[in-house]
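Next come two complexes built around subunit A: one with subunit B, the other with subunit C.
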Partner chain A sequence: MKVSCLHENLARGLGLVGRAVAARSTLPVLGNVLLATEDSRLRLSATNLELGISCWIGAKVHSEGSTTVPAKTFIDLVGTLPKDQVDLELTERTQTLQVSCAQFKNDIKCIDSEEFPILPSAGDGQSLDLNVRDLRSMIGQVVFAAATDDARPVLTGVEVKIDESEVSFAAADGFRLALCNSALSSTNDQAISAIVPARGLAELSRIIGDRDDPVTLTLPVGRGQAIFRAKDIELVSQLVEGNFPDYQQLIPESYSTRSVLGTDEFLNACRAAQVFAREAAYAARLKIIPGDESDPGSVEVSANAAETGSNESVVDATVEGDAVEIGFNVRYLTDVLQVIDTPNVALETNGDSSPGVIRPVGRDDFVSVIMPMHIGR
Partner chain B sequence: MAVPIAILHQSVVSKIAAGEVVERPASVVKELLENALDAGASSINVTVNGGGLQLIRVSDDGIGIHSDEAELVFMRHATSKLCSARDLDSIKTLGFRGEALSSISAVSHMDLVTRSSGEEIGTRLRAAAGEITDRAIVSTPCGTIVSVENLFFNLPARLKFLKSDAAEKARIGRVFSRYALAFPGVRFRLHFDKRQKFQSLGTGSLSDVLVAVYGAETVEQLLEVSGRGRHGVAVNGYVSMPSLSRSNRREITLFVNGRYVQDSRLTLAITRAYHTLLMKGRYPIAVICITLSPVDVDVNVHPAKTEVRFREPNHVFNSIEREVRRTLLNQRALNHPMTSGWPHSEVVESVDWPAPFFFGNSVESDDLVTEDNVESETQTELPVTGLPLLRVIGQVGAAYIVAEGPDGLYLIDQHAAHERVLYESYMAAAQSARVESQTLMEAVTVTLDYEAAEDLRRHLDALYALGFRVEPFGGDSFVVRALPAVIGALTPEQALLGVLEHENSHGYELPPGEEDRIILRVCKRAAVRAGRVLSQKEQEVLLRQLEKCQSPVTCPHGRPTMIRISVEHLEKKFGRRG
Partner chain C sequence: MTANETRWGVVGHEWAVATLSHHIHTRRLQHAYLLSGTPSIGKQTVAVAFARALFCTKTNSPCPSPTYCRTCSLVARHKHPDVHMLSPVETGSFINTGKISIDAVRELVHRLSLKPIETNRRVAIISNFEAAARPAADAMLKTLEEPPGNTIIIITTDNLASLPSTIVSRCTQLPMRPLLCSTVERALCENWGASREHSATLARISGGRLGLAVRSLSDDTIHENRSAQLSGLLNILPASRVDRFVFAKNLTKDREALFATLDLWASWFRDVMHVAADANTPLINIDKQTEIAFAANQLTAGGAARAVSAVRTAQTQLKRNANSRLVIEVLMLEIPHIKVSHNSL
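Here is the complex of A and B:
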C-alpha cells in the first residue's frame, strides 16, 4: 500500500474515528485504526465492537492495500507533523508503515488488517434519510435522560421510532423520560423501531457536526445494528435488545397546575439549588404559588443540605391551577432545561406525588416527564 | 429412714459460708487486698507460693488492728466498716460484710501479724480452720500481715476443682492488676514463688499502672477517657484504639467507686461505643472507672461483691457509651504523631502493612486507624476532621483505589469505601427524618417467596421511614413505587432483596435498630462492587466523599476501607533507609 494525502484531511479523519478506538481492550487490534485504500480514497476505521466509526478522506492511491496502525501512536504523530503532504507506505512483509511528511520520516509497527473486525456494509435493509439539523437537536434533547449504569441495559439506549411521516426519539432512566419528535423530509413506507445506545448517538451527533447533507439510517435485517451514513463518514452501532418501556402511558394526559416560566430564570434557580442539593441526594423543593389578578404567580425553588446550608430562589411564573409543593431531583431539572431552546417553558403538575411534565412553550415536539421526590422535613 | 433435723455445727456453717466467699486462691487475694486497701494502705506486697495453696501473704502499711480487737477478726460478721444497717446504703469501703477473714481462716491455716498505729507492740495470732491456736506479742511495723497457708486443707473437694498452679497464678495476677488499676495511688507488688511478677509505683497516675499491666507498647494505643458525665456519673479511664483489639471481653475492666465489678450491661456499653469500629468477635481493651454517689449504687448483692446494682442503670450505661465514643471520635482530631512501627516479618506479601497513623506494634490483625460514625447526639458536638488530601493514582484489580497522601501510599477498598459513604449519608438523612424518596417511573411488581414476603411485611413501616414506598400487591407480591434517593442506581428488585438479605450470613455485629440494619444491608447492596472498573473521575469523587465521612477508615461493618503504607516503610523496603 502506498498513498499520499493532505495532512489536514488525515488529522480530521483521525479525529473523527479516534473516539471509537477501544481504550483498554484485550484484543490489541481494537486499539488500532484501520487504513485501507478504497476507490482512490483512504478509509480510516476504528471500532470497540459496540461502536464503529469509519471515515473516507481524499488521497492519491499509488498502490492498493490495507493495514492497522496503533491509534495513539499514529494520532500523536500526525499531531506533530507539519501541514504538508503525508506519504504512507506499507512494507507488507514486516507490517511497517512508513509515514513521511516534509523532512519527517517515521516507521510504525502495524498489525495485519486481516485481524481487524469486518465492518458491515450497509447492504440491504430499511433505510431512510434524516435531516442532520433535526437529528443533532433530537439527539441532544434526549440522550441525557438515558441511564448510564447497566442495571437495565435497555434504558442505556434511545428508542428510535419511525413511522410514515415522523421520527421520534425517547430515552428514560427509570426516574425520568425525554421524548422528542420531528417530521420526516421524505415519506417512509415501513415503520421502524430500534433501541440505539445513547453513547453511539452522542458520538454520531459529534461527528456529523454542522454538515448539511442528510444522514442515511440503515437497519440491516437480522444483524442487530444501526448504520448511520453521511457523505464520507459512517457510524455503526450495535442495537440494544429488549423492550423499551411503554412511555406513552407515563405521560399524564392532564394537569391540575400549569406554570409557565422563563427557561433561563428557571434554569439558573435550579443551578443555584443544585449547589446545595448535591449534598442531599439532589433533592430540591418547588413551591408553586398560583397568581391572582394583580400577581401572575411564582415558583419558589429551594434546597437544603444539613451540612452546607440552604438556598431559595423565586422565579416569576404564570401559574394556572392549584398551589402545589413538589420535590424533584434538581439534576433532572437542569438537564432538561439545558436542552430547551424556547424562551419559556411550562411545568405541568398533578399534586406532589404525580410526575411533573416539562414542555417548551410554543413547540409540541418535545416533552420530558420527571418523577417527583418525597422530601422529608 | 427419717433423718432427724439438727442445727449444723458451727464449723460446717463456716465452711459453707467460706464456699461462697473463698472460691479459689484468687478470691483470697481479692479479699485480703480489699482489707488492706480499706485499712488505708499506701503500699501492699503480696507473695504467692505454689499457686496460692502453699502460701498467700499480703502485707500492708495500713492502720492495723488494735490488739484488743484482733481476736474478733476470726469471728463471722465482725467488721469495723459498718455500724448499722443504714450504712449499707452508702458504703464507701470495699468490704463490709465482715466475712472475709473468718471465711478464709475457716479453710486454712492463718497467721495474722498486726500493729495499729496507736500501739507500740504488735499482736500475732495463729488460727487453724477458724480456731485460734496461738497468740503472741511481736514487734512489727504498723500495718497488717496476713499469711494464709495450706488453703483448703480441710476441703479436699474444693482442691479437686482447682486448676493448675499456672492457671491459678494467672487468675491471681488478673485480680491483682485490677486492684492496682483501681488504686493507682497505692504501691502494689506481687511475688510469685519469690520472683517479682508485678510492681506498680503508686504515683497516682493510671497510665503508669497501665504500663505495668499491659506494657508500654500497648499503652501507646490506649486513649484516655475522661468525662464528668451527666446525672453525676463520672467516667474515667482508658480504652484501646480500634486498631488494638482482643478476641474476648476479658480485658474490659470496670470499676464502680473503686470496686471491681463484672457487669455485662456495662461491658456492652463499651462494646457498643465501638459499633462499626471493630469486626465481629473483636473486643477492646478498656479500663473504666465509674464514680457516682454511693447512694446510687447497691454493692450488697453477692458475697463476692463483683455484682452491683444501680439506681439508674440507664444513666450509667449511656454515660459510659457516650464518653467512650466521644474519646474514640476525638482520637483522630488529636492528630497523633506519625511513627513507623514495623511490626513483623520481611515478607512484603504477608500482612506486613504498618499501622497507619499510630505506633503499630499490635499483635492484632487490624493495623488500621478506625473511626466511628456517631449518633446524632455526639455528632453535633464534635469537630469533624477528614482524611488527608488524597491524590488518586489509579485502580488495582478493579477493586482497590491507589492514592497518594502526604504521609504515604493509600490502598482503598472501593466497595468498603463506597459503603461507608452511602451509610453515612443515609444514616444522616434517616436520623434527621429527611430521607428523600425518588418515585419510580414505572412501579415495579416484585414477587417474593413466602418467607421473604413475610419478612418484608414485617419491615414495611421501617421501610416507609427509610424512603421506600412499597405496598403489598396481593399474595406475596409487592409494588415498589419509590426508592430512597441515596441508593441511586439500584434497581427496585435489587433494593428489596438487599433489604431482606439476612445479616447473619455476613459475619458482623448487628447494629441496634431495625432501621440501622436495613440501612446497612441496603448500602451493602448499593455500594459499587469490587470488579467494577472506575474512571479516574469516579475514583476522585469517591475519595472526596470518603474524606467527608465521620469515620472514613472503616466500612459500616468494621472492616477497614484503607491500608496505608508510609513513606518510611517504602524507604525501608527499598533499602534507602536502615
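Here is the complex of A and C:
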C-alpha cells in the first residue's frame, strides 16, 4: 500500500474515527485504526465492537492495500506533523508503515488488517434517508432517558421504529420514558424496528454535528447492526439483542389534572429544588393547586433535605381538574424540561401514585412519562 | 487417530467432542456448557474447538489444522470478535491465584447483550470460573440462565465443587478426565515432535495432563522445579525434626508453589504405596524408580497411604486459608521417617 494525502484530511479523519477506538480491550487490533485504499480514497475505520466509525478521505493511491495502525501512536504522531502532504507506505512483510511528511520520517509497527473485524457495508439491506436536523433533535430528546446500567440490557438502547411515513425513537429506564416522532421525508415500504445503543446514537449526533446532507440509515439483512451513513462518514452500531418493552401501554390515556406551565419557569423551579433534593434521593414535591374564576392556579415545587434545608417555589400555571400533591425525581423533570423547546409545557397527572406525563404544548411529536415517587406526608 | 481427532484437532476427549458435535448436528445446542476436570487436560482446547465448529464457514466441523479459514484462525488465536474469552488475570501454573473480577463479568454481560458482529451468535468462553469471587459469579447468573439471542456460554473449571451450585445447575455438564498415558505419549511424539523416550517419561509424569506435558517440552524450568521439589522431599525423609522444621520455614515462603509441591509429594507417596502393596500398576514418577523401591521396602502400603492422606489433608487446609507454616509443620510430623538410598544432594 502506498498512499499520499493531506495532513489536514488525515487529522480530521482520525479525529472522527478516534472516538470508536477501544481504549483497553482483549483484542489488540481494536486499539488500531484500519487504513485501506478504496476507490482512490483512503478509508479510516475504528471499532470497539459496539460502535464502529469509518471515514473516507481524499488521497492519491499509488498502490492498493490495507493495514491497521495503533491508534494512539498514529494520532499522537499526526498531531505533531507539519501541515503538509503525508505519505504512507506499508511494507507488507513486516507490517511496518512508513509515515513521511516534509522532513519527518517515522516507522510504525502495524497489525495485519485480516484481524480487523469486518464492518458491514451499506450496500445491501433496506435503507432510508433521514433529515439530519430531525435526527439530531430526536436523538437529543430521548437518549437521556435510556438506562445507564446493564441490569436490563434492552433499556440501554433506544428503540428506533420506522413505519410508512413516520420514524419514532423511544427510550426508557424503568422509571421514565421519552418518546418522539418525526415525519419521513420519503415514503418507506417496509417497517423497521431496532434497538440501537444510546451511546451509539449520542456519538452519531456528535459526528454529524453541523452537517446538512441527509443521513442514510441501513439495516443489513441478517446482521445485528444499524449503519448510519452521511457523505463520507459511516457509523455502524451494534444492535441490542432482545425485545423492547411495549411502552404504548405505559402512556396514560386520560388525566385527572392538567397543568400548563411556562417551560423555563418550571425548569428553573426544578433546578432550585434539585439543589436541596440532592440530599434526599432527588425527591421533589409538586403541589398542584387548581385555579378558580379569579386565579388560573399554580404549581408549587418544593424539596427539603434534613441537613441542607428546604426550598419552595411557586410557578404560575393553568390548572384544570383536581388538586393533587405528587412527588417526582427532580432530575427526571429537569432532564426532560431541558430538551423541550416550546414555551409552554403540560403536566398531566392522575393522582399521586400514577405516572405523570409531560408534553410540549403546541406539538404532539414528543411525550415523556415519569413514575412518581412516594413522599411522606 | 480417531475420526474425532482429525475433525476437531483435539487430542483425546472423544466423548466430549462427540457430544458437542452431536449437539451441533442435531441442532440441540444448549445455552451453557460446563467443562470440568483436572488442570491442563485440554478443557480450553475443547472449548475453543467447539467455538470453531460453531463458526467455521466451511462446514459444521472446523477446518483441519493447520489450513484454517479466516474464522477458524481468528477463533483459535482468541481474536474473533464474536468469541469472548474471559480468564483469571495473572494465571499461575497449577493453582490459580488470578481472579475473575466482577467488572470483567459485567463487561462480558454487556457485550453479550449486543447482537453478534460477524456471525449469527456470540460465544463466551470463561476459563477457570472457580477464580470468580461469589459476587462476580452472581453477576453472571441472570445471563447464564437466559443468554440473549443465540449466545452460548462455555465455562471451564478445575474444581467443580468450589463453583456455586447456582452456576452449576444452569449449565450442561461435561466432566472431562485426564487423558490416557498412551494417548499423551502418542500425541507428544506425533504432534509435538518429541522423542519416543522423552514422550514416554513426560506422559507418565504429567499424569495424563497433555497441557502440562507440552509445556514441559518447551519450558525447562518446569522440569527443574519438579526435580527440586522431589529432592526436597527425599532430603527431609531421613532428616531430624529440627531440619524438617527449617525446611518447612523455607518451603512456605512461596505459597503458590507450595500447592504444586504437595501435589507432587502425594504422587510420590502414591507410587511408594503401590510398590509396597506389590501392585502391578504403572508409576507416575517413573524417573525415581530406585528411590521409590527403596522407600517401599521400609514402609507398609498402609504407612504410605497415611502419608498420602496427610499430604492431601494439608492441601485441603491450605485451600481453606490455614496458616501455611503451621500446616506444613504438622505435615512434617506426619511424614514417615525413612532412609533414602540415593542422596540426591
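Following the convention adopted for this analysis, the second predicted complex is superposed on the first by the 375 of 377 C-alpha atoms of A that agree within 3 Å, B and C clash if a C-alpha of one lies under 4 Å from a C-alpha of the other, contacts with A are read in each partner's own complex, and residues count from 1 in each chain.
We adopt the following convention: contacts are C-beta pairs under 8 Å (C-beta built on N, C-alpha and C of every residue); 3 or more make two chains touch, one makes a residue touch a chain.
What you see is a predicted model, and the numbers here were worked out from it, not measured in a lab.
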Subunit B versus subunit C as contact partner of A:L27, first or second or both or neither: second
Which superposed partner A:P70 touches (first subunit B, second subunit C, both, neither): neither
First (subunit B), second (subunit C), both or neither touched by A:P197: second
Which superposed partner A:P117 touches (first subunit B, second subunit C, both, neither): second
Touched partner set for A:P245, first subunit B, second subunit C, both or neither: first
Touching partner for A:Q225 - first (subunit B), second (subunit C), both, neither: second
Subunit B versus subunit C as contact partner of A:P372, first or second or both or neither: first
Subunit A residues within the subunit C interface of the complex: 26-27, 29, 49-50, 114-115, 117-118, 150, 153-154, 156, 197, 222-225, 238-242
Contact set on subunit C toward subunit A in their complex: 70, 74, 78-79, 81, 84-85, 106, 109-118, 120, 148-149, 151
Contacting residues of subunit B [partner subunit A, same complex]: 425, 428-429, 432-442, 467, 469, 482, 484-486, 489-491, 494
Subunit B contact footprint on subunit A (complex, rising order): 149, 151-152, 172-177, 245, 250, 280-283, 306, 327, 329, 353, 355, 369, 371-377
